[in-house]
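Alright, structures below, take your time with them.
One chain, chain A, links the two complexes that follow: it is found with chain B in the first and with chain C in the second.
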Partner chain A sequence: MRGRLPANVIIWALLLTAPFWLPLIGGYTALASRILIFALGAMGLNLLLGFTGMMSFGQAAYFGLGGYGAGLALVHLASSSWLAVLIGTLAGGAAALLIGPLVMHRRGIYFAMITVAVGQIFYFIAERWDSFTGGQDGLTGFSRQPLHFSGYAISLRDVPFYYFVLFFFAIGAGLVALLLHSPLGHTFVAIRENRRRATFLGIHVERYVWASFAIAGLIGGLAGALNALQNNFISPENLYWVESGNFVIIAVLGGMRSFWGPLIGSIIFIGVQDYVSSILPNNWETVIGALFIVVVLFFPTGVLGIIRRGVRPA
Partner chain B sequence: MELVLFDGFNGLIQGAFYALMALGLSLIISLNSVINFAHGGFMVVGAYLAFALAPYLGFWGALIAGPVLTGILGILVERFLVRYLYARPDPVYSLLLTFGLALIIEDSVRSVWGAGGVPFAIPSWLDSPVSETYFFITGYRVFVMSAITLAAGALFAFLRLSRFGVRIRAGILDLETVAALGVNVYLLRAVNFAIGIALAGFAGVLAAGVLQLSPTMGNDVIMATFVAIVVGGIGSLFGSVLGGLLIGLAAGVTSAYYPVASDVVIYVIMAIVLIVRPRGLLGQEGLFE
Partner chain C sequence: MSKPSKILTRRTILRAGAAAAALPIAAPFIVEARGETPVKIGFIDPFSGTYGVLGGYELNGARMALAEINKKGGILGRPVEIIPEDDAADVGKATVKFHKLVEKDKVNFISGSVSSAVSLALSHAANLKGILFVDTGGHVDSVTGQHCHWTTFKICSDTWMLANAISKTLISKFGKRWYISTPDYAWGHFLEAGFAALLKQNGGTLLGNALMPLGSTDFSSVLIKVQAAKPEVFIVLQGGDDFVDLMKQATQFGMTKKMAFGYGLVEFENLAALPEAARVGWGVMEWWWDQPKNPHVTAFVAKYRKLYAKTPSARSWFGYVAMHTIAMGAAKAKSLNSIKVAHAIEGMELPPELALGPYPISYRAGDHQMLLTEFVGEVSSTGKYPYLFDVKETIPGAKLAKSPAAKGCKLTYPA
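Presenting the complex of A and B:
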């Protein structure tokens, strides 16, 4: 990690100053917030996908639940953005904690299919429970609230909201980084590298998969809560399996095996989506689909995988 | 009572579609080791091809040509895209590639035929109810049930009795040995993929007469198909059929008693099956893990 210190400093410096330089290259602040939110959700997923080696295709469930948690907290509980984020995060984490035992015994294709199908349960509940979730039209009637610091109120407009998101992104990314350097994180990697050997070493593999799954859900919930606050809206679409696919492609695009991969992937994916949907409003899905295929066929290790190979030939 | 029969029969029809889709998907998962997210997309392609061809070929011509053309499309997709996945056992790549394919298919269908639904005409003599009390049993639905039964039966017979079918089954068990015995496994996999896709196309043509056509009609079907396979047990073709019928029937009966839950019930069944029988009803230990 010591060798990567300059890279980390550069990345954080760029993130901290994004609202100032982004407009110069044609971006806008809300786009940067969106990129951070999806990067955070994908970072959570990547703990499972890239570091534990479990192919989860259901991250949208926890992302969406985080959104509903945040939205419902604002509608029913109190008008506090902090509380909304907290409730949303806990909603995602709690759901993943409960679902974990159902999926942790499975591997490979099975794991993927079960995580995606379980995610659909939440989608249909949100879509059908009109009185509570707003049904198909989504949940509205809430908006992000100003933050209060001993008398001062900061309204979360464009740029302040970006820093609000960045604050939570830093917490989430910090948590993932700490985890990856802890024995727990090393155990995750051991399971990815050789599940059978890990078992022989006395590791309760399934419990660790459960832990990884729950933490991924927790971070997904955090990202989802921020997403709901950004849009002041949450719809069942955020729970749908297509959204889960987006998180997977973000992680793969940047590089599943690397810490910063999801951020790079999110910059590319959200950037391309934003750009293409503005010039090709009717056919942007084809471009995104083609992007998926090109990545799988030609860049399976993601952007960071390519860079790393270029720097240090194997 | 009649309502339950009505919804139960609807569910059975739905289940038969799931079973047919699950059969094709199961074949592809087993031999090609690819989770085909685009399976629903191919179903939509089959349906729209039939819709486009019916004015020229008539219903029966479209019923044959739709699946065949979809199958040919399947071969092309296998040759140009899917075969590159065989060297990458990590399922993430097959999921992403076919997911991208699904997006492209949906978008293309929408561009060609529009986002709204289009009607599909079936022969009028098939459209009338079989009896007056059971008005919901139309001739077409009986026809759909028999056609699906026939297709599934033909597939099982093909896999049991023909030389090629036996090779497919052998390849599912141990592809390396089959290759070592001099069987062209590239051809085997390509044809297998095409058969699976053609079944999806066939389901699409039949569905065109029951449901209204829309570019997104495959999205919900593909998820139900996944559930059918997980419930039946991954790797078991018979399990796929069983799983499909079971969840279709369950969804149908639920919509008679508690309509709001009819979409969720199949996932609940899946969760229960996974707790009681982690590998699905007929799944085998150690496969695809």
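Presenting the complex of A and C:
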């Protein structure tokens, strides 16, 4: 624990100053926002995947629902970015809360399968319900709105939007950190380490899986709402199982046993995607796939896992 | 006690190798300094997935035009550069790529798109950023209709023009009982609406309309329904690999011998991918390479074949026209400012070496729709590549298109 404080300070300092140093190394602010958004979604997933030990392949469902929640709120309810984020987050969280009892009894591969299946249900609803969701064309006709503070209006252009995202990222990450240090978080880890022993200790394992699933969905919804605001657009692809796979890849790449793993994974995944897709427009996905295989085969604990092992004598 | 961890193991070597292989990816962001900053055009098109082949043809055409433009001194004396990005015909990917091109690469103009859904999304996104977007191949009406923007120019025809070009022929030749198979997104919806309206005007019956998601591979459920309905004409609105799969399956079902096939749009790339038995039906091409009386076309085809060892398609021509349009617009406006270039392109007529067809072609000022020529004809079941289509009639686009007002387009420039 003692060694972590400086690392945390450095990470937050880097995040707070990103718009200033990022262009110097060839990045751009919108990329930073995107990285944070996917890191947040993967952090939510990681609560389930890395800390509760449940392999969910359906995070995109709640990410996408968050996006549709935000987009539809802007189209139909009111032109407020705050409200859009709130509705999106609640949409993701509520869906996960309702779906939880369906999936919490399953384990291992069956848990993964049923989370995929449920995710695909939302995908097909969004794709077929043309009049409400825009169908396969996606939902357009909304854009992120300026923020109003007692007379002031801040338009959410590039840099202000980054801080808007960072603000919610801090809330999401703070929530996860708080959870992990609470008895609830310790229970999650106990379930991951030995489900049977946890049961014998009198823990209602399934209820905790449910809780973990719902919180993961809530954070996924928050990330999805921010994603919709960033692109001023949301389409069924954000609900698709491939997107769920992306979140798993991000968590595994970075290191799914570590708190900051998803952020590192997102930096690598989104960064490589952004860079390689310009050089190899035809097969950039091959590079990502190869990278993933390399990580799974040789660095099963992810990038942070390697760093940690390097620093601490085993 | 020995310490095996100090020994160089196979795993360590493998890790080192993988890390070394990852290095060129990990150190990506090096910006080259150049004497003259090039004019950058972001080209968002599908290079993978169901429309992957079509996007490739568009990019080839665009690159050929780019070489010509740079040879003549570029745009306003600056070299021109294309930055291609793959959208896999996926709206979500396309929007992400758009923001990357605008914010990181600082492109001056945007072009591309095969999927109508993508062109709609790009059109909105480009308008929010005030950047000129030349839509090469997303046909949907609303891009130059109720969702038209001053920033958007569209090269390919709209869905109404396509339906209008072929409907009369289908009715007079084969009959008024139709069944339509529609890809379930913007392009399909608009095209289907066009065909259905024209059929109704002529007193025909629409027996059914089967919707299938874009990227479907198995069409047997649709084909069974169509066979049961026994239409005189089966209208297939699928494009790309979807079209190829549907036609192969319909041929296996023996349907090509039982009913006439009609298409909104016939694409050269798709015909080339079909087995001979599946090459049937009537439809519309938006450009055709075999125009022996036109020396400009002959020269264009010869040059393209020399570069790519393939015969150019309508898509190649779209990409080619898009780049020249931007270059001509910027030259006329003497500026790279999107508003000035947009005003310059409005009403602009393509020179014959660019129009490459029997009639003059221009960008209509009212909705920024290019009024191209439609080549109506029959798919050739006996011809060998590249003789895959027999043109029976050419119709100038101005005769087919609805007026901007009827389409619901009202362009407003920023003050």
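By definition in this document, the second predicted complex is superposed on the first by the 313 of 314 C-alpha atoms of A that agree within 3 Å, B and C clash if a C-alpha of one lies under 4 Å from a C-alpha of the other, contacts with A are read in each partner's own complex, and residues count from 1 in each chain.
Here, contacts are C-beta pairs under 8 Å (C-beta built on N, C-alpha and C of every residue); 3 or more make two chains touch, one makes a residue touch a chain.
These numbers were taken from a predicted model, which means no experiment stands behind them.
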item: Which superposed partner A:Ala211 touches (first chain B, second chain C, both, neither); value: neither
item: Touched partner set for A:Thr286, first chain B, second chain C, both or neither; value: first
item: Which of chain B and chain C A:Val296 touches, first, second, both or neither; value: first
item: Partner chain in contact with A:Arg128 - chain B first, chain C second, else both or neither; value: both
item: Partner chain in contact with A:Gly138 - chain B first, chain C second, else both or neither; value: second
item: Which of chain B and chain C A:Gly245 touches, first, second, both or neither; value: first
item: First (chain B), second (chain C), both or neither touched by A:Leu179; value: neither
item: Partner chain in contact with A:His105 - chain B first, chain C second, else both or neither; value: first
item: Residues of chain A at both interfaces, chain B in one complex, chain C in the other; value: 127-128, 282-283, 285, 291
item: Chain C to chain A touching residues, read off their complex; value: 5, 11, 14-15, 18, 21-22, 25, 28-31, 47-48, 83-86, 90-93, 95-97, 99-100, 103-105, 116-117, 120-121, 124-125, 128, 184-186, 189, 213-214
item: Residues of chain A touching chain C in the complex; value: 25-31, 34, 127-128, 130, 135-138, 140-141, 143, 158, 230-235, 237-238, 271-272, 274-278, 281-285, 287, 291, 294, 298-299, 314
item: Chain B-facing residues of chain A, complex; value: 49, 55, 57, 102, 105-110, 112-114, 116-118, 120-121, 124-125, 127-129, 241-242, 245, 248-249, 252, 256, 282-283, 285-286, 288-293, 295-297, 300
item: Interfacial residue positions of chain B with respect to chain A in the complex; value: 29, 35, 37, 81, 84-85, 88, 90-93, 95-97, 99-104, 106-108, 110-111, 219, 223, 226-227, 229-230, 234, 260-261, 263-264, 267-268, 270-271, 274-275, 278, 288-289
